[in-house]
């Protein structure tokens, strides 16, 4: 790989900092977090919840899984649920894999390996990080609701439907999020 | 259909006014036009170019085709070329059809009929409106370039590659757009 | 008309996609729809309500009326009610006519004809489209209120005061909008 | 005047902080200064240039003139040149006077007096502040051009056409602005 | 001082129009006022409240104090309370003095003198303007709350804690602001 | 620590997704990346460059260092160089430590440990991540310049002055960034 491709590879990921998380935009949040800010929030959640999990996780690796987990969206954009439901079964996942294959090997084999691990959901770290991804939506749901946004009931329902049973610290946060959200809405 | 579903149907289309045209965002345009503003621009292009076409088109119908042509994006969002290339052949088109089917009949059968006509590309009005869709990207390319945005070469290449031969007024505008773009870049 | 003026004419309308609807800005809506997105919303309303009107309207023409109805604002900007009340009687309307005269003939005679028809309010299509213009404000009022914006009582009062009696489908939507708005505020 | 009207009067001026300077928006500046930020910039210009003027001005009063000079735009919005040219002779000025009359006496007689002085252009402070208003456009023209915005030639022409001969420090700044603008464009 | 430094001095203050008031951003206000717009609001408050103060103030000078009072933030940015509490005692004030010293003398000795007076809090005009600074936060608190923002309780508490006893018109406005805020929250 | 404090701790970090990187704002970038998006970009850089470093680094830990390295800015905000130069020697660093102490232990001891390691610059991973922090500024400099922003020379000078000699892959990227930046500016 010529050195000259590294800047190209990094530049291809810059849209993550520009693209907003689509679901919030559609619901009328005026200035929602970017995809990159979301991925960062998932990393912080992994750092917060990871050390509470038993048996112990490799938390640093979970943080790295969080950092790459939405990298394909630099090409695919953040497809909201309304969009992915309209695609053929497996199409979104296949597109993510193809996008990752285009974006991550030019960064490093490690970046690609971390993404593959995330997508496969076979390791505990991968399944844990996936829950952090969903719980970060809950953190932002509470933040937007606290700041006055209304009409986010679908996000609340999605948070309530999340199965966190494998990791009890995730379950505890889920409950705290739902409780805070409901109190703000009452 | 109960009358009460009309507001729900109209509300489902409000995201068109909130969602930005994704390709410009990815390229760093700070405040690009929304999908709705794009659709409006295509309507204006149809009004501008339509009366110049021979033999005569039904221009009002072309304007209506323009108004609905991106309606599915209220569910699908504006998938940039980088995204649609990653989906299976035909998946984007099928998703658009399914989205239209969910969104437009609650508005009116006419809205659905206009969308179907657009997608089928069988009438001259439909093919003409499709060119207006692409040419509007060219109008914005010139506008963003004039305002100082750089790095939009892909959009310029895409404009240059457009086959406008069926409608000579479209071809004339394409040439004018390319000429203006090139002069701004020199 | 030299071909070279078409791009100039189209470029003169680009501000419609950039300028926000002023009334919402003044009331604190952080990212309201642009004038162009509003015009698109009016077109969609015409497609939704038009086919329900009896006797039948020329709905496609109404869509075209909607597409051009705010074109003068590319020069005049969206003057809020607080502004137009401060201008001499008839001044806003005269300015709109002059702006249209500068902007639309370079597009096409048809564009100008559609604007003239809209302004004259003599055809049923023109009066219907004018109601769609006002009702679109109501659709956005409900959308902004659902998303948490408050303090929009003036818009609610203006919606309630609208006389939709000529077109019963407009009247039905007005009632649905008012009912939804009031429920969201209770 | 009941004390309770003071908050109402201050709230009526809040749109100055929300409304962008329209001319820049129309030219594609993505996030231009608000009307309020402009007025503040004019105040700073008065503080910078005022002490250099001979014979001496009442600079503090000029700062106060700057603070109120665009207050009517809280009702009227910032009408760009393209708009005011379409209004009858004197209509914009009359509207500004009426808007000021509605907005400023509830603040204080002094606020109204400062606005009246500004509009009358009879004192040297008023004519000086009016030049500061135009020169602030020049400061922002240089700032936006330095940051990469292009297509602002009309603003440059307007700056060049300004007659600053009554106040030589204004003339010196005008020259410096034009020189900087031209160098940035070369 | 060479004339050529005036544009540099003015350009160094342009960030005031770009930088948002940080506290609102942190609380989720999507598009808060800029530092410059805040300074302008303080000027308007000085014009509103100043003439009501007895014995009489030099209101024009107070307006000039308001215009420069946050000028250092063009270098320092708007440090929220959470930030200044983390700095050593006196560090923020010393930084403001140093920033003013870098920014204001190139404008004029008068600009520097007005800033020094503001910071010293020895004159009644300076102490009055400082209250206007805090009360403007209250005006915006009411405006953002009216527009639907929630979660601003800290700002309300800060407004309630303000000691306005030296200037009874300030005290009256404080009460009106608190009353309006509480009513909006009930 | 009661479980109930976890949401409070996570909410305290949400401002990272809202606060823009200040330096770009001051230079006129209309919609720069947030602090959170920057931290994410640093994580990706660590994943890209880390595996190229010899002897091998613990790349996952470097990613975690990147994730927390700017966490204090949730309280302190992103102080630009112009601000930190005005603070007493060591004041910014001490404030960051105090902010981290307030923010991170409620997340987890690990989060705090990663921050402490970053700040101490004693491990190779910490020094490497610090370079990634600076190089991410270079990636965005190229991105903003490519998109048409001008006037960013200070950022270019800062990138050129960076000492990357400890990690040759960082040095290689620095050269590639400078070369791309210079070519875009020629």
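Residue numbering begins at 1 within each chain, and the chains themselves are lettered A, B, C, D, E and F in the order written.
Keep in mind that, in the parts below, a contact is a pair of C-beta atoms (placed from the backbone, for glycine too) under 8 Å apart; a residue touches a chain by one contact, two chains touch by 3 or more.
Values in this document were obtained by computation on a predicted structure and should not be read as measured data.
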*asked:* Please identify which of B-F, A-C or A-F repeats the interface of B-C; the criterion is that more than half of the contact pairs agree.
replied: A-F
*Using the touch rule from the top, work out which pair, C-D or C-E, shares more C-beta pairs.*
C-D
*Can you check how far apart subunit D and subunit E are, centre to centre, with Cα atoms defining each centre and the answer in Å?*
21
*Let me have the rounded angstrom distance from the C-alpha centre of subunit B over to the C-alpha centre of subunit D, please.*
39
*Distance from the mean Cα position of subunit F to that of subunit E, given in whole angstrom*: 30
_Two or more partner chains touched - positions in subunit E_ = 14, 18, 28-31, 143, 146, 148, 150
*Any two chains that touch count here, so list every such pair.*
A-B, A-C, A-E, A-F, B-C, B-D, B-F, C-D, C-E, D-E, D-F, E-F
*If you look only at subunit C, which of its residues touch subunit A in the complex?*
29-31, 143-144, 146-148, 150
_For the complex, give me every residue of subunit C touching subunit D._
14-15, 18-19, 22, 25-26, 28, 75-77, 79-80, 82-83, 86-88, 91, 94-95, 98-99
*asked:* Applying the document's contact rule, which stretches of subunit E touch subunit D when the two form their complex?
replied: 3-4, 6-7, 9-11, 13-14, 16-18, 31, 33-34, 36-41, 43-45, 47-52, 58-61, 63-64, 66-68, 71, 107-111, 114, 139-140, 142-143, 146, 172-173, 176-177, 180
*Which of the residues in subunit C end up touching subunit E in this complex?*
27-31, 148-151
